[in-house]
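Following are the structures in question.
Shared chain: subunit A. Partners: subunit B in the first complex, subunit C in the second.
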Partner chain A sequence: MFWNKRKNQEMKQDESAAPKTMTDLLLRLKDHPDFSHYRHSRGSFQCWISFFNSLVNVESVHRDVLPFLYDEHVHSLSDIQERIPVEKVEQTTDLKTVQSKLMEGSIIIQEREDSPKCLIVPTVLRESRQVEPPEVETSVFGPKESFVEALDTNISLMRKHIPIPQFTIEQMRIGKISNTRVCIAYIDGVASKENVNTVRQRLQDLELDHLTDTSALSQLVADNSHSPFPQFIDTERPDRTVNALYEGKVAVLVDGSPNALMLPTTIIEFFIAFDDYFISWYIATFTRLLRLFAVAFSVFSSPMYVAVLTYHYQLIPIDLLGSLITSRSVVPFSPMAEALVLELMIELLREAGARLPTKVGQTIGIVGGIVIGTASVQAGLTSNVLLILIGMSALAAFTTPSYRMGTTIRFIRFPFILAAQLWGMLGIALCFAYFVSHLLKQTSLGRPYIEPIYPLRLTDLRDSFIRLPNTSQPERPMLLRPEDAGRFNKKRAKQKVGKQKTDIDE
Partner chain B sequence: MKKSLVIIMMLMLLSGCIEDNIIDDILMAEAEGYDYIGNNQVIGTITTPNYAQGGVSGSGGGGLPATASMMSSATTVTYDGRSLAENLQPKGQKKIKVGKLRIMLFNEALLKHGFEKTIHFRNQDPEVGRDMYLAMVDGSTKDLLTATYQTAIPISRYVYDLIFQNQQQNFPKNNLSTFLYSYYGRYADPMMPIIKREKDHIVLTGIMFFKHDKYAGRINGQQKAFIFKTLVENFKFGFYDYTFQQNEHAVLENVSSSRQYVVKNGNSATPDIFATIRITGYVRQGSPLLKTKDYNSTIKRGMEKDLEKQIKKMVAGFQKSGIDPIELGQIVRSYTRHFDGASWSDRYPNARFHVKTKINIVETGVSQPR
Partner chain C sequence: MKQFRINETHQVSPVYALFIIKGMQVGVSVFSFQRIVSRDSEQDAWIPVMVMGLSTLVIMWIMLRLLKNEQAYGMPDLFAMHRRFFGPWIGNLFSAVIIAYEFCIVIIFMRAYIELLQMWVFPRLPVLSFTAIFCLIVWYIVMGGFRTITGTFLLSFIYLLPLFLVNSFSVTEAHFNNLLPLFDHSPAELARSFIKLSPCYLGFESLLFFYPFLKRPQQAEKWCYYGLLTSLSVYVTTTVLGTVYFSQGELQTLIWPLLDFWKSIHFPLFDRFEYIGIVYWLTVLIPNISMGVWIVSRGIKQSAPVIKQKYALVPVLLLLILICVVMKERSQIDWLNTTVSRVGLCIIYIYIPFLLFWQWILKKKEGMTHEKELSHHHDADAAQRLHRR
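== the complex of A and B ==
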């Protein structure tokens, strides 16, 4: 096609714009205010040193690199390479490597200004946030660490939990211009080769100029990027990531992003808080079922209100009719308009709360709760009953541990409301059928998205919306097809737990 | 994909014209009354509850004023077996819908005339729930539905609650569903409770029995209703007042009553039906009771004898008038191989009914008999 041709030409032009010789490169960088390029000479030996002040740890340059250039035995680049106490010093004539290393914060040392032969001394400035407690995925129990923006710190956070050589980290660069470092992490011998290969292939095939965050990446590598349902979990908790790695998943980390992506994922995992593993199994089961109910309530309450009040008055219990009709009799809108007005208000509140700085954020609660809530009822814009329903469903939507899934749940109720207005309960059923068929078709990294339910995998159901005790989960999730399916020996686990016997003095 | 989207949108947007029933924009008929005035004509009355009358709670003075009170009852003359809601539509300030119908009332004349058309029409209508109550009214239904009572709640709820709570006690369970079962079922005849207006009260006075769709007889009072109920269902609650001497009563409060039937010679000209009725209950009323120490002879045996006598009398009455509200026909059929159904109506009056009651008094209150 002709437009493709033009695109390809444009790309070629980009290539041709790159500097061709070392002189060319230096000429281009010369004008940057943070670029240092100067001649060093000591006796007969002289060399050219160039680096970016802003990218280099200047202190360590002064302490660890420059003094060695004054050594009397230094006569060539190789002499410097031998003497400098910095690891991974290399010599190269490849202009591309020189350029990218320079832009990442290495020092380049040349013998002559126009010589392509360079010594690259890495003295990268690692300045990043401290490791802090998680803010988005807060938990009551368990570790209180979260990922930061520096990739190496994040890897070290994970390595601490997985002290084995099989913990593999593959690095690649993504982004034509940005060249962002992206790491695939997995445990060799546990994670399925197929999964790892799929992730690797998807990342390598990416066609983009720059990459800033894992959440952007998750949409790019998703099986169906048009789906409202997120297909990969991104988490800021190292403990959760490590747990996923032990299960046989693959994690993807991006330099500059405080989140790790866990692949593949089923829909049920979005409703699992990591806390659940730290509390006794029946309480965890209770909270998970509570969340499941919350999701159903959140999606269906306002559409049901619309459907029942518009079409199916027969379904309303006779004792409820009075309060429903009296609260609705002053409302000038149809139930759908009324529901949309309130839903919109809640959406606005949520959005405003997310955008405002935390200090001003408290005002939102007051404005939302008191002014809008009560006043809209008194002004006769909405009915009391609906206000309770919408308030509860908003609350229910936020019980979902994953904020990403929470927004999806809040979003999909709008089609439900529209369908309820058009066809009543039948519309809700149709809409539900539509979403179910969408979920049935959905995959995550080629694995079924609603796995323990369809296809039914009883072993995986043990850690889904219920959680059985750890001793009865000796296998890794079947979904992931792990290389090593067993976590531990079930027989021995049972033996050690043994039968409860009362003490002799009890 | 695009094609299917277009089809879906067409389906959605072009067919979205079904009638809606927004709850505050319709009048929900909760009670219907039919008075037969001869010549296939009925006076029909409906009542609708009036929600907005008391003002709007929680509106806090702001906003719109409470909607003015709406129509609460309407009457029309129409032919037998016609939908009242439709017929009254010209009188309706808003659409009249029957989806929340709670009670249907008939006067004695209509039931004597036969109400096949009415019940058939009600059975056909899918909008009405099957848990509504049917009742006969002593007197005029219009009068009962439009009168004012001590209670302020809508008349439909009043009657519904009245019938509901009494069916927990001495009166047998009966609603549209069970009514239609025995109406259309073989070897069974339906029944319905009788209510009556007494100045500013409504009273449940008894049970009336049908022969197919026509009035065929009645029993009055909750004593008789209790006896009847022991025969038709197993139940809890309810009470039986036993007069064991002049002016000396003992009230048996039922804890659980169960019935058991055995049928012999089901296909003979005179089938034998053996009924055993077991009642567990306690006696807490009746200070005269405290004078007697021997419950077994005086109270228990007396009560058993009394009940047996009453039951026999009642069943004999049913047999005599050829109606079968106890559904004995169904019982005989279920106990008889190759049941001869065609001749059952001839054999029913000759059936021999034997009954045995066993009463177990479990306690007599906190004070000991002296």
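== the complex of A and C ==
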């Protein structure tokens, strides 16, 4: 086709734009202010040295590289390679390698300026933020570390938790221009080979020019990128990532992103806070059920209000009717308009709070919550009952530990409100049926998205809405099809607990 | 060579046979069947309900036998069976009848639910827009394949569990004396109830269509029986509930006795439980209709392999919408209802045993020809040997 032809020509031009010889490359880089390229002619050996000041660790260059060029015994590049106290020094004539290494922060040493033979000395500058406590996924109990933007720091954070050689990290480059480093991390022998292959395949198949963050990546590799429901969890907590790896998941890290992606994920994991594993299982189960109730409440409360007040007034018990009538009697709008206005107000508050700096954000909360809320009731724009419902449902939506899921839950109630206005409870039921069938069809890395419920797997239900004690969970999740299904030996664990006491005081 | 096995990624575990069979049997008819069943047999209504439930177990045994034997010859489902038993022409004709029957069941379901909604919740609910939106959801589910449909069956089973707990509200106001005197009706009266009751238990014959989609069919057999027993228990408890909660005279005046029972339930936060119940029943309707439409579209694909199932699905749904809109008269629905339930009775009690019998005959015949061929070969060999000598 003619457009393809044109595209191909463009691609060819792209390639022709790349430098063809060493001189070409150097000529192009010379004008950059942070590029150093000079001739070293003192001592017994003469050579050309080039590097980016901004990318190399200058201190290390002055200490570990340059002094060795003055050595009397240095006569060739190989001599330098033998003497420099830097690891992974290599010689090459390949222009592409030279270019990419130069852009990463290595020093290039040549004998003559136009010679393609180069010595590459890696002196990469590693500068990153300090490891700080997590800000998005805060927790009361447990470790207080979070990932930073530097990939190597993140890997070291994980390696400390998994001190075995089976912990595998595969590196690949994604992005035609940015060439971003992306790592797949998993424990060999625990993670399913199939999952690892799928992740690798999806990453390799990506066609894009640059990659900034894992959350962008998660949309690109998602099974269904048109779904409002997030399909992979991205976390800033190394402990959570490591826990997922021990379960048999695969993690993906991107250089320059303080998040790790955990694949595959079920919808239930979005409602699990990592704290739950650090507290007694009764309390963990209680909080999880509370969150489940919160989600249901948050999605259904305002649509039910609209449905009941618009169509199904018979549903209201007589005792409740009086207070409803008094709060509704002054409101001039229909229940749907009222609900939509209040919901929008909460959305505005949330968005404003997220965009503003923390200190101003608090003021916004006070202004929004107290001033607008009470004032709108006093002005007769909304009813008290609805204000309580909406306030509670906003609170409930944010009990979801994953902010990403929280926003989804807040979003899906708008279709519910519209459906409630259309056909009352029937509309809500239809809307619900639609979302449920959507979730039924959803997959995450080819695994069912609502897994312990459908397909019904009782062993996985033990760590879902409820959390049973660790001793009763000797198996890894069946969802992940781990190569090594057992966490520990069940029989031995039972033996160590010992026999039940035969009687009181014996 | 045509592939006889469904890919394992599209199959479901044996347990789901329970949810599907129970889900196919318990439908909208639950609301009205207390009245229908007790018209002739009054307080003894639970007897025909029990007998029919137990008879379905026998039919299930026959069906499982039929399907298990068929596995050796090709795809173990009814449409493939028709082709093998009666040849492509007559077989496809039979398949067409079955498809029409399944389609009518879908229509009856849909119409019955719409009627319920119009009577109870929204008197002027526009049929066209409701069926259109409903069919859109059904289309979305069926496009997800058999696994998604099974998922809706499982979820509807889970949703219904709390609804059956509601039955316990009747215990405080029950008159168990209503069940007496026992066995006070002639067999003819019981038989009349039995025939009227049939639409409630129909639906389990859908096993004939989805059997190839079950993993490890050997293990699935017990779940099929459990599914039947579950719906049997549901129907028997509902019948007994109707008898002990209402007097016989009152029961005959109520069109949907179960709804009237729900009406008497009060919760502190909301009244009129039956509104929620009716809307809740949508979760029962969705898997049922999806399954019916899936069977119909799959039947079209199996009989005429040129048509892909996803293309067959759209006209089926459009036709469903059209018929639901056109059919307005109560008498038409009644006529369709009685006709279909009679055809259904014939299918399960006459046609399915006949199929097993026919299969047996075919096997005998095949065995005989096989033997003949063998003996023929034997003769030829002997003759050759003789000749050589």
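Rule of thumb we're sticking to: the second predicted complex is superposed on the first by the 487 of 506 C-alpha atoms of A that agree within 3 Å, B and C clash if a C-alpha of one lies under 4 Å from a C-alpha of the other, contacts with A are read in each partner's own complex, and residues count from 1 in each chain.
We take it that a residue touches a chain if its C-beta (ideal position, glycine included) is under 8 Å from a C-beta of that chain, and two chains touch if they have at least 3 such contacts.
Remember, it's a predicted structure, so these values are computed and weren't measured experimentally.
Judged by the touch definition given at the top, the superposed model places A:K144 against neither subunit B nor subunit C. Of the two partner chains placed by the overlay, only subunit B lies in contact with A:P335; subunit C stays clear of it. Once the two complexes are overlaid on the shared chain, A:H32 sits clear of subunit B and of subunit C alike. Contacts of A:Q314 after superposition on the shared chain: both subunit B and subunit C are touched.
In the superposition on chain A, A:T326 makes contact with subunit B only, not with subunit C. Contact with neither subunit B nor subunit C is seen for A:K193 once the two complexes are overlaid on the shared chain.
Contact with subunit C, but none with subunit B, is seen for A:M425 once the two complexes are overlaid on the shared chain.
After overlaying the two complexes on the shared chain, residue contacts for A:Q378 are found with subunit B alone; subunit C is out of touch. On subunit A, the patch touched by subunit B and the patch touched by subunit C overlap at residues 311-312, 314, 316, 318, 423-424.
Partner subunit C is touched in their complex by these residues of subunit A: 311-312, 314-318, 320, 423-426, 428-430, 433-434, 436-438, 440-441, 453-456.
Listing the residues of subunit A that touch subunit B in their complex gives 309-314, 316, 318, 321-322, 324-332, 334-335, 377-380, 384, 422-424. Those residues of subunit C that touch subunit A in the shared complex are 12-13, 15, 117, 121-122, 125, 130, 133-134, 137, 140-141, 144, 148, 150-152, 154-155, 158, 266-272, 275-276, 279-280, 282-283, 286.
Residues 12, 16, 18, 20-24, 26, 28, 30, 49, 51-52, 54, 56-64, 66-67, 97, 99-100, 102, 127, 129, 157, 160 of subunit B are the ones touching subunit A in the complex.
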